[in-house]
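Two complexes come next, and they have one chain in common, chain A, joined by chain B in the first and chain C in the second.
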Partner chain A sequence: MKISGKTVNKLKRNIAGYTFMLPLIIGVSVFSFWPIISSLIYSFHNYDGFMTYEFVGFKNYVNLFRNDVDGLGKVLSNTLIYAAVAVVLNLSLSYLLALSVSKQGRGVYAVRVLFYIPCVIPGVVMAAMWADMLSENGAFNSILTSLGLPAFTFLEAPETSMITLFITNLWGLGSGMILWLAAFNNIPRTMYEAADIDGAKGFTKFVKITIPMTTPTIFYNLITGVIGALQYNGTLMLAPLSGRGYENSVYFMSVKIYRDAFLRMKFGYASAAAWILFAIIGVLVIIMFRTSKWVFYGEE
Partner chain B sequence: MVRNDPAKRAVYVKTAKTVLKWCFYVVVAVFFFFPFYYMLTRSVMSVKQSAARPIVLIPTDLTLDMWRAVFSGEDAYSDHAVPYVKFLFNTLKIVVFNIIAVPLSASFVAFGFAKCKFAGKNIIFAVMLSTILLPATIVQVPLYVLFGDLHILNTYWPLMIPNVFGGGAMRIFLIRQFMMGIPKELDEAAEIDGAGYFRRYLQITLPNCTAVLIFIIVEVFVANWGDYYGPMIYMSIAEENKFTLAYAVFLRFQKSVIPRPGDEGIRAAVGTLMALPPLILFFCFQRNMVEGVVMSGIKG
Partner chain C sequence: MKKTFMKLACMLLMVAIALSCAACGPTPGKRTSENENYEANLTVDSNISTTLKIGFYGKTEEDENHFKELEKAFQLIYPNVSISLVTYGSTSYYQDLMQAYRTGSMPDIIQTNATECFPLIEGGLLLDMDKYIQLENDKYEQGKNEYPDFYAFENFEDQFYDSLWKLGQKNYNGHQFFVPRSADRIVTYYNKEQFVAAGVDMTTVKNGWTWEDFLAACEKLKKYYADNYDGKPFISGQWQWEAVLFPMLESSGGKVFDENGNITLNSAETLNAVNLLKDLVTKGYTKEKEPNQLAFETKTAAIQFHSLHPDYYLKSLGSDLGIVTFPLIGKGSGENKDYSGAKIGAGVTGYGIYSGLTGAKRDLAWQFLSFTLSRDGQNCMAKGGVSQPPVRKDMQDGSNLWRQNKGNLNLDAFFWEAERNYSTNFFLSQESSKQVDLMEAVINMFNEPIRGTGKEPQKAIEDCVTALDNIIKSN
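Now for the complex of A and B:
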């Protein structure tokens, strides 16, 4: 009796648990795993989304590397350069920003709110405004020339496009700042108090306490930052020539995949490109996990 | 003399530091606020004044023409009428559905993770977290095909259905972390009173999660309100009067569209209109967004 009662209870609990899991299991299967498998299958096919669907082996991959109309090498190197610089720049500057507003106080709180505002403004709106201000005859060049400075080409020339992107994207630093602030909040105050008793200076406390205690968040932001930056497609709205920039100077993988799939209707080819991007992301994520000894998860 | 007086020297150094600090703040503030200011002022300037070079920073020739054009849909500077208000209501349909569906489905799954015990929970949890690492770029082609097979392309369903099934790993994770912080005693008391899992979810746990649910609602609102990419893919050949505001703004003002005189003003007015709802929502719930209480669950 006792045992069977327990078993029934356990069964009940399991059924309840799986009921709560049901939406997730359906969602992940239908909207994550199934598409990933399909995409791999498509990548070996010549597929236009409608009629044509024929197996072509590795032809899509070979064509991507050998004779891609956009030049895959250029697009890939753009993407990697963008991701490397953007991640380092955004992580370090948002960390510093968070540090500078980490103390409690009303003024500091207002500054936090102000820095976060750009993150709630729709990207399309801001891209339209930036494109307007950065144009050849736009606000920034007008200000520069009236200050007696030479005009800058911003996104209107291949040499300056990438750097312009880095700078305009700093506008969204607030979202990173919030995560850092949460991480700072999680550091026990007693640690700093103990350090004070030992006579530690501000910088020492920063290096010996703040940084080690926030390594889990650094790791999380690094991984999601790399994944996000490799898929950056903000140029669709911002850059000339439908998001490619002059001489493909800011032509990134995500934009290429979008164009191949939905403008050229080459679903198989675009899927192959997506898998190349996926493979790069996968390798980088594995490397980051393998070398994550520096992450400090507290005494277990 | 100054050099020999350490006290005075310290005062000078301190003043210099303060001045530098404030210079830095001013530069940062200008970088962050100029785009807003530019947008706001352009939306009430006459066409002549916003086209003037060097640019006019303080509007003197005020007009509501741009706003009138946006609200009447008679965008005199486009080649045909653009019913922005209609688009705004289209967007609202999607947004309202999602700000109800996501918190409900995400908290439902989160409850299972936080408060139920069942076999395989840790595995399902790990699988869910791994989907954070999956690039969105890779699923878009198969999802397009899937929605095509379901005959729901060019409707709003592709932008809503996925949200019924959990609403994303990160959101489930955040709610779960929050639920773990709710005292167990509440739940146990209800269990003794004979409340089943579903009643405990609805009547005990959910009402205690308002802080994180508000965070999720605002975040879902912001994401869907500004989403032009989803509509661009799934609604690319829909009738124009079904467009969402973000997509319409994208089509009208993306960088590759040849600008006409007057565009600047319309763009600024519709941009301000689009920026207002998320801004208002953000200011109402800024504590939930910025204080980091919700985010403190993230530890890598």
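Now for the complex of A and C:
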């Protein structure tokens, strides 16, 4: 590739800028681009992570859809159901929580802190805690039985495991709450004052001002929430049968990718599964962006 | 500006692709040339100066100490050789090894075990050590000819229990890819004080006791636990562990596959095996996940099936600790019950040599393994805290360190009728990538009837057959 004198001049002129960018470019290349491209290449190979490395074309992709040991359909439907419910539940409840603690008042700060504290607990610790508390003789069942109620199966039965996961994930509502509170604070007070002059009541102000003015944050939380939920692998530590749950009831794509790569030693196959997940996330994100006219970015 | 940036981005992308494809990619084909065409040599210059890197999982004090002891003794022969240890997570073992392989930082010696070795052998990571073993056999033969009184065995390999030695071989019957370090056998650890207090007939609690003897003891313990521990279950059975469950299946006559690889699990024998466990739960002796290992250590469980070394339990139970063999499960009924086919779960942990190792360092790695297998080596391990029974046949007597400071513990339980040892092997006829799923399916079959939802044993077996069929037919 021949670099023209004009380009060299441009490079010289902007050398300081490029120098500042260099660490980031190197970091992104090494830790993001490189693994991404590697995994794409692996996905076309029969690769065990060690020395077996044979080109197999699209075989891994075809096998995933045609003849997967876990049943890709079941794993994908679990993942999509989880993402759909968990995102809606977490966004709406954290929004309501933030609303309820957005006003100044006695004890508000304490409530905010209480809800945020769980978010600083590391994921692994949290999973171990939940696994213990939800076990047959764990804290929750001890409380239930001491009240004369029957013990609940939580993650120990396929019928109740997904619901249990949704509830355990509410533990992290505090992190969403912080983002909503920041969004509420960014709404100009003058808007509410003008609405007061016009005689608007609380609910009208909420629907006509608060919600529209926080749509950028809603959109951001929606996008990151969907991506995060589709990549959820918290069950690896939490659910029985190596994170699959009984009858594969909480078997998600990320857990499957982990099992394929590091338990079944099918690295190429796992890479193909990862690219399928990436494609699904990509399509959903594109759809969300294409239908984002409801997001209010201010007068343009 | 935009164009320049795009050019730069493209260049970086190309570099990334090139690096991914070439420099840090795997090395296909290496396995065959290294594993089959190397020259083994038992003579290593005693002045060799190097460090042997050993990759092992877990990181207990005993693990580190036993390597220190081995290093000290090995340095008497090779004074300039040091040992460095690399720890791999027990739950991220393959992951860590993959990373080490890809970054070119593989250890010279790799710890593995009878169930985790398959992907490493298939993946070409472990050296086929047959050439070294052949040389050791020749050397032993020579020594035997010259000093017959000092060489009591047939050959080098004959010094070790065959049932344990072959667990380091490909498919447990072929080329040697790792050498066993120590013997792991499932035994019945029990709380002697509680057994006596419960009124268990102690004359039945001896090596070779039967499942019926065990049930009679459990019935006594049930009453004792009802009076003293609110009726809590008292057998910590490790019911998710293949080393406990598969011998139960094998002893009952159940088979997962026949010789042709056809599924033969759905049988009356399998049903008997599943019912053995279900009965224990129905009678209130145990639960799927309770009591746990800690309960036995804190004396709130009376029985523990495990292969851990006795020192571990001696710390918490002291003189209350008792050991006896795993109860023998017979076929048939009544007085005609046949116990000849009863099996006891066994496995080994051991060390293999990285197939990428070459020249004098590979020879040295073998020397280290050979030393580990010697009487001195096994005693060094015991001195360092790994007091599991040795794999050598000639280390049964009390002069060996592993037996010392154990009081009157029945350590023979680890060796009693060693031919009954059984290591889970039903999956050998299938691809190694399917091993995990096959094992999980059969373990799940045992556990489903004892969960809260209580699936009928026959239904659990039928579901397991469907799952196995699915696994075999999958890619």
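Basically, the second predicted complex is superposed on the first by the 285 of 300 C-alpha atoms of A that agree within 3 Å, B and C clash if a C-alpha of one lies under 4 Å from a C-alpha of the other, contacts with A are read in each partner's own complex, and residues count from 1 in each chain.
As a working rule, contacts are C-beta pairs under 8 Å (C-beta built on N, C-alpha and C of every residue); 3 or more make two chains touch, one makes a residue touch a chain.
These numbers come from a predicted model, not from an experiment.
Undergrad: If chain A is used to align the two complexes, do chain B and chain C fit next to each other or clash?
TA: They clash.
Undergrad: Determine, under the contact definition given at the top, whether A:W130 touches first (chain B), second (chain C), both, or neither.
TA: first
Undergrad: With the two structures laid over each other on chain A, which partner does A:N233 touch: chain B (first), chain C (second), both, or neither?
TA: A:N233 sits against chain B, while chain C stays out of touch.
Undergrad: Which one hits more chain A residues, chain B or chain C?
TA: Partner with more touched residues of chain A: B.
Undergrad: Is A:V108 touching the first partner chain B, the second partner chain C, both, or neither of them?
TA: A:V108: touches no partner chain.
Undergrad: After superposition on the shared chain, which partner residues are touched by A:L181: those of chain B (first), chain C (second), both, or neither?
TA: In the superposition, A:L181 touches chain B alone.
Undergrad: Just checking: does A:A194 make contact with chain B only, chain C only, both, or neither of them? Give me first, second, both or neither.
TA: In the superposition, A:A194 touches no partner, neither chain B nor chain C.
Undergrad: Figure out whether A:S242 sits in contact with chain B (first) or chain C (second), or with both, or with neither.
TA: Both partners.
Undergrad: Is A:V283 touching the first partner chain B, the second partner chain C, both, or neither of them?
TA: Neither partner.
Undergrad: Thinking of the overlay built on chain A, is A:I81 touched by chain B (first), by chain C (second), by both, or by neither?
TA: A:I81 contacts neither chain B nor chain C.
Undergrad: Scan A:F31 for contacts with chain B and chain C and give back first, second, both or neither.
TA: first
Undergrad: Using the superposition described at the top, list the residues of chain A that contact chain B and also contact chain C.
TA: On chain A, the residues that contact chain B in one structure and chain C in the other are 14, 18, 25, 34, 38, 49, 137, 241-242, 261-262, 267.
Undergrad: Residues of chain C touching chain A in their complex?
TA: Listed in rising order, the residues of chain C that touch chain A are 1, 3-4, 7-8, 11-13, 15-17, 19-21, 25-31, 92, 94-95, 97-98, 101-102, 119-120, 122-125, 287, 289-290, 432-434, 436-437, 440, 444, 451-453, 470-471, 473-475.
Undergrad: Which stretch or stretches of chain B touch chain A in the complex?
TA: Those in contact with chain A are residues 29, 31-32, 34-36, 38-39, 53-55, 105, 108-109, 111-113, 116-119, 121, 124, 127-128, 131-146, 148, 162, 164-166, 172, 196-197, 201, 218, 222, 225-226, 228-229, 232-233, 236, 246, 249-250, 253-256, 264, 267-268, 271, 274-275, 278-279, 281-282, 286, 289-290, 292, 295-296, 298-300.
Undergrad: Under the touch definition given earlier, write down the residues of chain A that touch chain B in their complex.
TA: 13-14, 16-21, 23-28, 30-32, 34-36, 38-39, 42, 49, 109, 112-133, 137, 139, 142-143, 145-146, 155, 170-171, 178-179, 181-183, 185-186, 215-217, 219-220, 223-224, 227, 230-231, 233, 236-243, 253-254, 257-258, 261-262, 267, 270-271, 274-275, 277-278, 281, 285, 295, 297
Undergrad: Which residues, counting only chain A, touch chain C once they are in their complex?
TA: 1, 3, 7, 10-11, 14, 18, 25, 29, 33-34, 37-38, 41, 47-54, 59, 63, 66-69, 135-137, 151, 153, 156-157, 241-242, 246, 259, 261-267, 269
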